[in-house]
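As written, the chain order gives the labels A, B, C and D, with residue 1 at the start of each chain.
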Amino acid sequence: MCGIFGIFGHQEAANITYLGLYALQHRGQESAGIVSSDGKMLHLHKSMGAVADIFKKDVIKTLKGTSAIGHVRYSTTGGSLLKNVQPVMVNYAKGMIAVAHNGNLVNSTELRTVLENKGSIFQSDMDTEIIVHLIARSKLSSFQDRIVEAMEQVSGAYSVVFLNEARMLGIRDPYGFRPLSIGKFQGSYVLASETCSFDLIGAEYVREVEPGEVVLIDKNGLKSFKPFNEVPLAPCIFEFIYFSRPDSIIFGRNVYSVRKRLGAELAKIYPVEADMVIPVPDSGVPAAIGYSEESGIPFEMGLIRNHYVGRTFIEPRQSIRHFGVKIKLNALREVLDGKKVVVVDDSIVRGTTSRKIVKMLKKAGASEVHVRISSPPTRFPCFYGIDTPTRNELIASTHSIEEINKYLTSDSLAYLSVASLVKAVGREKSYCKACFDGKYVVGFSDMPDEPQMALFGN
Amino acid sequence: MCGIFGIFGHQEAANITYLGLYALQHRGQESAGIVSSDGKMLHLHKSMGAVADIFKKDVIKTLKGTSAIGHVRYSTTGGSLLKNVQPVMVNYAKGMIAVAHNGNLVNSTELRTVLENKGSIFQSDMDTEIIVHLIARSKLSSFQDRIVEAMEQVSGAYSVVFLNEARMLGIRDPYGFRPLSIGKFQGSYVLASETCSFDLIGAEYVREVEPGEVVLIDKNGLKSFKPFNEVPLAPCIFEFIYFSRPDSIIFGRNVYSVRKRLGAELAKIYPVEADMVIPVPDSGVPAAIGYSEESGIPFEMGLIRNHYVGRTFIEPRQSIRHFGVKIKLNALREVLDGKKVVVVDDSIVRGTTSRKIVKMLKKAGASEVHVRISSPPTRFPCFYGIDTPTRNELIASTHSIEEINKYLTSDSLAYLSVASLVKAVGREKSYCKACFDGKYVVGFSDMPDEPQMALFGN
Amino acid sequence: MCGIFGIFGHQEAANITYLGLYALQHRGQESAGIVSSDGKMLHLHKSMGAVADIFKKDVIKTLKGTSAIGHVRYSTTGGSLLKNVQPVMVNYAKGMIAVAHNGNLVNSTELRTVLENKGSIFQSDMDTEIIVHLIARSKLSSFQDRIVEAMEQVSGAYSVVFLNEARMLGIRDPYGFRPLSIGKFQGSYVLASETCSFDLIGAEYVREVEPGEVVLIDKNGLKSFKPFNEVPLAPCIFEFIYFSRPDSIIFGRNVYSVRKRLGAELAKIYPVEADMVIPVPDSGVPAAIGYSEESGIPFEMGLIRNHYVGRTFIEPRQSIRHFGVKIKLNALREVLDGKKVVVVDDSIVRGTTSRKIVKMLKKAGASEVHVRISSPPTRFPCFYGIDTPTRNELIASTHSIEEINKYLTSDSLAYLSVASLVKAVGREKSYCKACFDGKYVVGFSDMPDEPQMALFGN
Amino acid sequence: MCGIFGIFGHQEAANITYLGLYALQHRGQESAGIVSSDGKMLHLHKSMGAVADIFKKDVIKTLKGTSAIGHVRYSTTGGSLLKNVQPVMVNYAKGMIAVAHNGNLVNSTELRTVLENKGSIFQSDMDTEIIVHLIARSKLSSFQDRIVEAMEQVSGAYSVVFLNEARMLGIRDPYGFRPLSIGKFQGSYVLASETCSFDLIGAEYVREVEPGEVVLIDKNGLKSFKPFNEVPLAPCIFEFIYFSRPDSIIFGRNVYSVRKRLGAELAKIYPVEADMVIPVPDSGVPAAIGYSEESGIPFEMGLIRNHYVGRTFIEPRQSIRHFGVKIKLNALREVLDGKKVVVVDDSIVRGTTSRKIVKMLKKAGASEVHVRISSPPTRFPCFYGIDTPTRNELIASTHSIEEINKYLTSDSLAYLSVASLVKAVGREKSYCKACFDGKYVVGFSDMPDEPQMALFGN
C-alpha cells in the first residue's frame, strides 16, 4: 500500500511534502521519497526507512524549488530494494519527469514484455516504471497528452501524481479505486491520498479528484479533464474498514464515523450479554466505541498497546509463547479477571493473531470472550494495491465462521454481512468489495503466482 | 527517567533482557544498554537510540552468558552523550562490575569532589559513576558488603541492579521512590522497573523489592537483606499519574485502575454538562474512560494520534501554526462540530500544549471545551529522577487556576486536589508528592542550577 | 581514466576479479565495481571508493558464479556519482548484460539524442550507457552480433568487456587506443587492461587483443573476429609515459624499459654537468635511472614521498606555503645542500607543481636545478579517455620552453622531442600523440565545452 | 609503534597538529587522535583509522583553541579498540589533562595492581592510562611537579607530551629510547617524534629534547628541567634502520644518509659479482643506492611496489601462491631475466617475506639472487615500544645465517655486523641494540607472555 502527496507553487514545497508524507506514514513505512522542481530541473531523494529518519534538514535543503511530489510505500509489486522506491524520476527526450503511484496495475507484465521487445531497458521491478516508458515513447507534444496516452494503455488501480519542471498533474483511475483529494494551502494547490495530510499542514480540503479525472496544475492554476472512457465506480471499501486514518475524509465520508457505525451495526445484529467491550487497538477503537454506545455495555481499554514496537524485531525461541502479539499488546488482568468480554477488531486475515489475542484475554482471567469483526469475512486477495496474502492463507477462504470460532477458542464470533457493511458505509456509491465477494471489477492477465490461479475456478 | 531490568541464570539472558527493555521503552527512548556475564567476564553493548534499533541479532550474540542487566534512559543528570549511557561497566581491583540505575542522587556533587580529591578519575557526568568509585574504594571483601557500604554514602532516589561475574543484586532506596519488582521466568529470577516487562516475556510476578531491601541473586537462589536505616516511605505518586504503563502493577496497584479512579473522582467533584468526554491520547485515555463512566457522558476519540512521530523532527516555519501538537494529534471535526466537550489529560506542565489542544478542538467546531486534569497542579520540580522543567517554567507555579484557564482559552478548567488524588490512589501508603506540594522528603546539597534556588524561599 | 578486467570459467571468479582490479587501481581510484554471472543471472556490486575498501569478504560472497568482469574508474565523462560507476548492468528483452568500458566515445551526444527521441530512458551520464541501449534495440539474435552492431555505431576510443549469463566478450576499438590483453589462469581466460594484473594473480600472458578484434569467450573456449573496417593504428603513447604501471607490458613493450630509454635519450640530447640525478617519485624513477646510467651522474632519492596521502585533504590557510606538494614530497637537505641537481619528471601539465618542486629543492640547498622532462610539451587535451585540463590550462600550450623555465625558476629545462619519443618507444607502430601534436585521429562532433572549441582554430 | 606531536600558541593549532600527524603516519596507521585546549577546557577527537580519514574539516572545527597534541598509533600494549586510542584525556580534581605517549612502560602491570588496590578504576588496557592515575593521585600543586612525580614512578621507554588548559609539557625518558624534537613555527613551539613533521608544516628544527629533559611550554615560553637521575644513554638504533622516515633527523643524524652508509658498508664487507643492485621498496632504497655507489654495480627498480594496498585484504585460496608479497610487489622480467641480482633489504623478521621475494625474482628470470641485509640478524624482541614477534618467531633467533640462506633459496646472504652497524651510524653515542644483542638496558617485571620468558636464559 502507498500514500502520495504533491504541492505546486510554494516556497517550502519540499518541507510541506515531508509533512504531508508524515501524516500518510500509516500507508507505508517501508520507504519514502520526494522529488522537487526548481523550474529548471528536478531533485530527488529517496531511501528505505521512515519519513522522519530519511528527511533531515540537510536533505530537505537539497530538494530545491517550489513544487514537489512525495511517496510512502509498503511494497505491493517489486521487492524491498532501493531501486523500487518511489517516486520514479527519469530523464527522457523531453526533459525530466517524476511519478508517484498508489495502486496496482494488472497488465504490467504484458506491457513490460512489449516495451522490452522494442528496446526499452527497465531499471526496477515496479509497475510504475512502465508508465514512464510509455510516456517516453509517446509522440504527442504536450505533457498532459503524453501522460494521458500512457495511462490509456495501463489497466488497474491507480491514483498518481506527476511532476515535471513546470507542471504537476494528478489522476485517479476511472474506477476510482484509491482515494486522492485536492486541498489548498496558502494559495497553493495540494494533492494527497488522505485529508489528514491537509489537517497536519493546515490546508483547506477542496474536494476529491473524481474517478477518471485528470487535474493539471501549473502557474495558470488548476485545469480539469476527463479523457478516459466512463466505467462503473469501484472505490475500495477496505479503505474505510482498515487502511485510512480515522481522521481522514475519503470518498466523501469521515472514516471514524463510518467505523463507529460499523460497530453499532454489529451490536444491533450480533448482541451479546457481557461486562465490557474492548477494542483491539488501535484500528478497532472506533468500532468498539460504536458497539459500546449501541449496546450500553461499558467500553474499556483491556488491551494495552506498546507504541515503541520497531520495524525489525529479533524473535526469541519457542520457549516464549504467543510472542508476535505480546510484543505489541498486553492484557489487563485487573480489568478482565472474571469478566465476560466483547472484543472488537476490524478484520481477520490468517486468524493466528486473533487466536493469540483470545488466549491472552482468557489467560488474563476473562470468563467469556466474544469476538466481533466490523467487516465481512476476508475471502479473496486484492489485486488493486492492498497487500494481502494468497487465497490459501486467508482463513475465511477455507473455513466456515463456526470453524474459525473454534480455532480462535472464542465463545462466539460474528462478522458483519456485506449488506450491513454497505448500509453502514452508505448506499449511494458502488464500491469494490472484491476481497469479500470475489467480484473483480477489472479483469487481469497478470497472474501473481500459480497457487492463486485456482481461486478463479471458484 | 529510566527503566532497569535484570535476569540471572537463563540461557537466553541477553535476549530476555532485550525484550524486558522493549517493554520499558516508555521510561526512556534516548539510549539503551545491556551488560551480560558469562561467569568469567562481563560483555557490554550500549548506544544512543531506541532498543529495537540498537539490539540486532549480531549484537545480542556478542552478549554472552546466562545473566544480564539492562537500562533504558532519558537523561536526568549527565548530557546526551554516549559516555553517559548506562549500564556503567568497569574493571576494578576485584574484577568487573556493572550497574544500571533508575533515580537521581542528591548528594552527587559533594561525593564527586571528595572522590576526585582522593585521586579518582571520572569518565562521565552521571551520578551513577559515583557508585562504582565508592565500590572500588571499599575495603570490604564481599560483593554485597562493598555495594551496601557504597549505597550507605549516597542519598536520594534509586532503584538499582548490579551485576558481576557471578552475582546479580537489586536495591530499592529506603524511601522507595522508584518501583522495582521481582519476577520468576522459567526458574530464573528477574528484576524490572515495571511488571509489564514480566508480561511481555511471560514471567510470573512475585512481589515488589521493598523499600530499603537488598536482594542478592546467585546460583544459590535469592537472599534478602535490610541493611539500611528505616525512613518514612515516599514512593513517587507521579508514576501512577503519568509515568508507568497502564498495564503495570507498581507499589502494589494496577496503574490503569488507579487512573480510571482519578477520572471518576474528577467527574464527581468537577462535573460539567457536555456531549462527550475525550482523552488526550494516549496517557489521558484511562482517566477519560473513568470520567465517562462516572458521569454517563459518552466517550469518544475526538483527537487522533499519529503513532509514527519520530524522535527528530524538522520544524516548519512559523507560517504553519500550532505545529508541535499537530504533528502528533488531529481533531475530528465530524465528531466535535457543535458539541460541548470535556477533554481529560493527566497533567499540565508549561501549558503550551494544552492551549494548542483547546484551540484545535475549537477550530474543529467544539462549542465548549472543559479541561479536566487527573492530578493536582504541578508546581515544583522533581529532584528524584523525573525530568521536569525548572520552577519558573511550570505554569501552575506562577499562575492561579483561573489564570491558566484563561491562558488555555478553555471554558472551564479543573484539577484534582492532593487529597482527592491520595484518596483515589489509596490511603494506606504515604507517597512523595513533592511536585504538587513542594515537600521534599530528602534534603539535598546539590543545587541543579541558580534559578531553582529561589523556589526554596517559598 | 579506467581499468577493466574479466575472467571466464573459474570457481573464484569474483575474487580473482577483485585481485585483478587491485593491480589496476592506479588506473582509477574514484570508484570500482564487479559483475559476476552464475550461469542464470548476473550479480552486481559497485561503489565509490577504493577497491580494497569496497570488496570485503561478505560482498565477494554475494558475487556468485564462475565468470566476472570488473572496472576501476577515474571519471572522464559523467560526474562522480554512484549512478556513473561501472560496470553498467541492465535487464533487457534478451536477459541481462553488463559492460565495463575504458576509453571515451566521441559521438555520444548525438547518439544519445537519437536514442532518447526514440523513447530510450537513460539512467546515467556515461557514454557507456549508450552502448547498452544500442544493444537493447538490436534486432539481431546472437549476443556477439548485437554487440558488434552496437559498436559499429559508436566512434572513439574503447577497450571494453561484456558479460551475459553465459558468455564474456572483449573488444578493442579499430585504432587500438587503449590496451587490453589476454591471459590464461589455471585453464581460464582472463582479460585485463594491463599485464600487471596477470602477474598479481599468477596468470600467464598470452597476447594483446588486437585493434579491431572481438574475442568471444564461452564454455567452448575463445573465438576471435575482426568485424570492423580497418583504420590506421593509434595506440596512446601517453600510456608509456605516465599512465601504465612500469611492470606492465602494453602494446608489446615493457613500460619500465621504455621509460628508462626515454631518460637515456634525454641524457644524450640534453646533457648537463651535475652532482646527482633525482626523480620526482614515483613516476619519474625509471627515466631518472636511465638518465643516470647514460650520463654517469649518480642517482639519489633526493625527494621523499609520503605514501599515506589520503584522497581527501584539508587545505591549511595560505600561511603554509607550497602546501600541495609538501603533503606528498619532502626534499632531503643532507643530500641536496650545495649540489647541482638534475630532476627528472614524466610531464608538465599546469606547471604549478613543478615550480613548487624546484623551489623546494633550492630551499633545501640545491645550488642548481636542471629540469628534464621525459616527454614532449603537453599542448593539447585528450578526447580519447585521459583526463586532461582544457587547453588554456596546459602551460606548454600558451608558453615557450624558455618561458616555462623562467616560471619554474629552474636553471635549465629540456623536453624530449616528438621524434626522440617515438624513437625511444620504437618506430614500428604508429601512435596517437595528439596531446603533443594536436593530430586527432578520430574526428568528433561532441565538443566537451566552449573554451576548448578555440583550440581547433590552431 | 607510535608518533606524537604538539603545538602551543597558534591560531590553527588543531589543523597544524593534523598536518604534523600526517607526516608521522608511517609510525602508526591503526588509529589517531587530537586533543586541543581553548584555555578553558580540552576538546578531544579520536578514532580507529588513518589520519586523513579521521580528521575532516568539520571535526577539526570542533577542536577549538590555540594548543593541541596528537597521536598516531600502531598498538604495542592494549588491543585494537577505540578505548585504547590516544591521546588519553581525563577530568580530575585539578581540571583536565591529556597525554600522548610513544614507547612502552615495563612496570605497568605492577603499577596498575597497586593503583587498583587503592580504588582506581581503569578504562583502558594502555600503560599510558597509568600515568594519568599517578598524576591524579599526586598531592603536589603544580602541573609540572605532579607530572614529574608520576614519571619518576614509571620505568621504560617514553617520549610523551602532556596538555592541560594552559600548558604543554614534553618529556623524553632518561635513556632517550624514542626520538622527540623541538621546532618553531611562526613563533610557536612545536614538538614532534620526527623532524619530517616540521618540514611538512614549514617549521624550523631547533634541537632534540634531551634524554631525561622536561620542557614546559606556556605563555611565558619554554622552560627546561632535568629532574630525573642520570642513566646510560640508549636511543633505539632500529629507528635508523627501519622505523623513521629517511627525510627525518633523529638523534642528531639524517636517516637517509645513515641508511646509504649502511648499504655502502655492506658493499665493502660483503661484495659480490652481479649485474644489478635492486632494493626491496621502499625501506631498502637508500641502502641499495649506497651499495650500488660503493660497488659500482648499476641500481635498478627490479621490484615494483603497488601503493594502493589497503589495510584490509581478502586472502585468496591457496591456489594463488606467494600471495602476501605479490599484492605489494611485482618483479620486472624485462630487467631481471638472465641477470645476477643483489637485493638489499633493511631486516629479516620471520623470513617468509624474504623467501617469497627471492622466489619471485628467480621466477622472473634472475640467474643468481644475493640477499644483503643492512642490519645485524634480529634475534631478540623489543620491550621498549617496537612491535616485534616473540623470540620463537624471529628466524635469526633459532637459525644460523647459513640455514637462513638455504631457507630463502638465495645464492648468498649477508648481514651487517653489530660493529659495522655502530660504525656506520656513528660511534659517539651509545645505542639500544637489544633486538640484535639481547642487552636490555632497563630491567622489567612485566613479562609479556610465557614463551618469551625463555629468552632470558640466554
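Going forward, a residue touches a chain if its C-beta (ideal position, glycine included) is under 8 Å from a C-beta of that chain, and two chains touch if they have at least 3 such contacts.
Here the structure is a predicted model, which means the values were calculated and not measured.
Undergrad: Along the graph of touching chains, what's the shortest path length in steps from subunit B to subunit C?
TA: So the least number of steps between the two chains is 2.
Undergrad: Of all chains present, which has the mean Cα position farthest from that of subunit D?
TA: A
Undergrad: Centroid of subunit A to centroid of subunit C, CA atoms only: how many Å?
TA: Result: the chain centres lie 53 Å from each other.
Undergrad: Based only on mean CA positions, could you tell me how far subunit A sits from subunit D in angstrom?
TA: So the centre of subunit A lies 64 Å away from the centre of subunit D.
Undergrad: Using mean C-alpha positions as chain centres, tell me how far subunit A is from subunit B in Å, no decimals.
TA: 36
Undergrad: Where does subunit C touch two or more other chains at once, residue-wise?
TA: Where subunit C is concerned, no single residue meets two or more other chains.
Undergrad: Could you draw the chains as nodes, link the ones that touch, and say if you get a line, ring, star, complete or other?
TA: ring
Undergrad: Mind giving me all the chain pairs that touch?
TA: A-B, A-C, B-D, C-D
Undergrad: Using the touch definition up top, name the residues of subunit C that touch subunit A in the complex.
TA: 90-93, 113, 116-123, 132-133, 136-138
Undergrad: Using the touch definition up top, name the residues of subunit B that touch subunit A in the complex.
TA: 12, 15-16, 18-19, 22-23, 25-26, 29, 50-53, 55-57, 60, 186, 196, 199-202, 245-247, 249, 254, 256-257, 282, 285-286, 289, 292-293, 298-301, 304, 306-314, 316-317, 319-321, 326-327, 330-335
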